[in-house]
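Chain naming follows the written order as A, B, C and D, and within any one chain the residues start at number 1.
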Amino acid sequence: MTKGRMEAFSDGVIAILITIMVLELKVPEGADAHALRGMLPGFLSYLLSFIYLGIYWVNHHHMVHTADHINGRILWANLHLLFWLSLVPSATAWMGDNHTLPIPTAVYGAVLLMPAIAYYVLQQSIIAAQGPHSRLHDAIGRDYKGKLSPVLYASSIGLAFVRPWMADVIFVLVALMWLVPDPRIESRLG
Amino acid sequence: MTKGRMEAFSDGVIAILITIMVLELKVPEGADAHALRGMLPGFLSYLLSFIYLGIYWVNHHHMVHTADHINGRILWANLHLLFWLSLVPSATAWMGDNHTLPIPTAVYGAVLLMPAIAYYVLQQSIIAAQGPHSRLHDAIGRDYKGKLSPVLYASSIGLAFVRPWMADVIFVLVALMWLVPDPRIESRLG
Amino acid sequence: MTKGRMEAFSDGVIAILITIMVLELKVPEGADAHALRGMLPGFLSYLLSFIYLGIYWVNHHHMVHTADHINGRILWANLHLLFWLSLVPSATAWMGDNHTLPIPTAVYGAVLLMPAIAYYVLQQSIIAAQGPHSRLHDAIGRDYKGKLSPVLYASSIGLAFVRPWMADVIFVLVALMWLVPDPRIESRLG
Amino acid sequence: MTKGRMEAFSDGVIAILITIMVLELKVPEGADAHALRGMLPGFLSYLLSFIYLGIYWVNHHHMVHTADHINGRILWANLHLLFWLSLVPSATAWMGDNHTLPIPTAVYGAVLLMPAIAYYVLQQSIIAAQGPHSRLHDAIGRDYKGKLSPVLYASSIGLAFVRPWMADVIFVLVALMWLVPDPRIESRLG
């Protein structure tokens, strides 16, 4: 019961975030090809953030599925993750409006870094609740992706001040790293 | 479990899209009959898009119901469909503001074409997961509507540059084609 | 399964409508008592519409609970109801901005009339699907409230052009009529 | 069934409130460090309100879990709570824009006071429905936090007119009081 409600609540928040982001895709003022072209950076930021939220949804789904018992610490670790995810739409809109400038790009990197840390904390809370023979602990293995991602996001924050496009490359690479299917995990957590 | 969460997440996203579209129906500035009349094109665009999202919701519902097992490919094909559906509110608002102009009309046609393709991809993913004796494959039969719709949407994009109203006629015709009940499918997938 | 998804989808749409209405409660420009007082008409419109949507949610809940089987006609009658309910936030915001003027008040009356009719159509669809010994048909009895409400809403549209406050009185009276508990229904449909 | 729908509806409303609040976090106009600093008060208001809504969600979750039977009075007491919670985003945005001024701060205090009262009313409705040996009544014990919170919120309204920061201190203290885990409750209601 408790697990079902936490899943449903998280799904609700992620579904809303993914769709309200689209409200920030402002309808162009004009009605010509130029107006449409002006939407491109906003559209690409939206696409990237949609993929990130999709990845979180799919992974959250698999991870919570393995939890046996939900305690107060897990509930709050989950709300903590949702808090940082909730900043993605604003950061996306800001970067979409100013994609060549360092500060909005660095803020976007920070807004990707924080949920990555929060996800790790949630994962550790579930493992701690499962005790020594944690199913989740076995399933994630050495968790290369989970450990590498925060390092890459942190470096994107620095790179945004050198060349914003370098940070953009990292955002795309990390998304691709997670999109590539990982049959080992799926067969264990499916 | 997985199937339930994918259905609930999709329902959530479609429910949000259907309702945030209404936020784009801007409250008129004045308070007279003229202000009300000015809302008519936006209202008609909203009505059309509501019907389209309703059709997707009903069909998605029937289709996913037949799936036995949800794998990573189906999860992502479903997110891909939701991504394109999420563009419907912005395209609706843009066409509502500029309903006699070619580019917003063509963009609306493209925003109907993409989820039609994504729906087909999702359908094929479910059929592939079901293997040789796919229930879904039997139920859709020759899938005339599913194959005709993308062709009609694609032609609406071209017609928008000839006469925007011709594209509008196609949008209405395709919606009617799907609204007409198809008892054969319902009895099999109900 | 089908019934569960229709309920969940309807709950989702009503939950979103009830909460996005609050977005139309514009944050005042100033920060003094005058700015706060300026929010009063908008707040009262919001309160009234919240109560109306709450009444629909509670009644929809009881009504769909009695349905045994959901067919295509019921799914679409339900979407039809949700379509008209989705116009409540815009009509509320317009009346909140112009509460002493006839046209926004008449439009609000019309936006209450249409879901009342759609609710009746949905009710008849469920009764038809249940056949001669319909549980819902027995439970609603002579359905005085359901038949009186559309008549009152229709008269509010006319009264809005005489004196807008007369229409406002009707809106409040109909809400009170539904809020008063009806133990007979609850005990049968609970 | 009824309980499940009431929980799902409440979760939906709270999930939407928590996420639409972020829409009020306006994307800055500029793209420099100054623009980012200008978001700080809004961000802190958002963080505080997110925590409050999270606390309500977690406690609502535990409380409704103990209910055996949902009647009309509980349904409406729950809608009453959701109504007051729905005002949190607007009050948050107003205080975020004017955090050093008395009236927006006092309104924020009032918007925290009302759901605290509504929560108490809902709690009493569930206890009344459970009869003399109410599980919920036993679980809440003397309910110090539930009784102290409204007193503190009421005093924050007064303090906002003396020094707004004093009210802010109370908002933070009450949030902390609820965040500190209460193992006694969790073990009984978990």
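We take it that a residue touches a chain if its C-beta (ideal position, glycine included) is under 8 Å from a C-beta of that chain, and two chains touch if they have at least 3 such contacts.
Please read these numbers as outputs of a predicted model, since none were measured by experiment.
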Could you check if the interface between copies chain A and chain B is built from the same residues on both sides, meaning over half shared, or from different ones?
different
As a quick test, compute the distance in whole Å between the mean CA positions of chain A and chain C.
37
Rounded to the nearest whole Å, what is the centre-to-centre distance of chain C and chain D, using the mean of the C-alpha atoms as each centre?
26
On chain C, where are the residues touching two or more other chains?
8, 12, 16, 20, 23
Building nodes from the protein chains and edges from chain pairs that touch, which of line, ring, star, complete or other describes the result?
ring
Note which residues of chain C are touching chain B in the complex, please.
1-2, 5, 8-9, 12-13, 16-17, 20, 23-24, 71-73, 75-76, 79, 82-83, 86-87, 89-90, 93-94, 97-98, 101, 103-104, 107
Residue ranges of chain B touching chain C (in the complex, touch as defined):
7-8, 11-12, 14-16, 18-20, 22-23, 25, 27-28, 31-33, 35-36, 47, 50, 54, 57-58, 61, 65, 179, 181, 186, 190
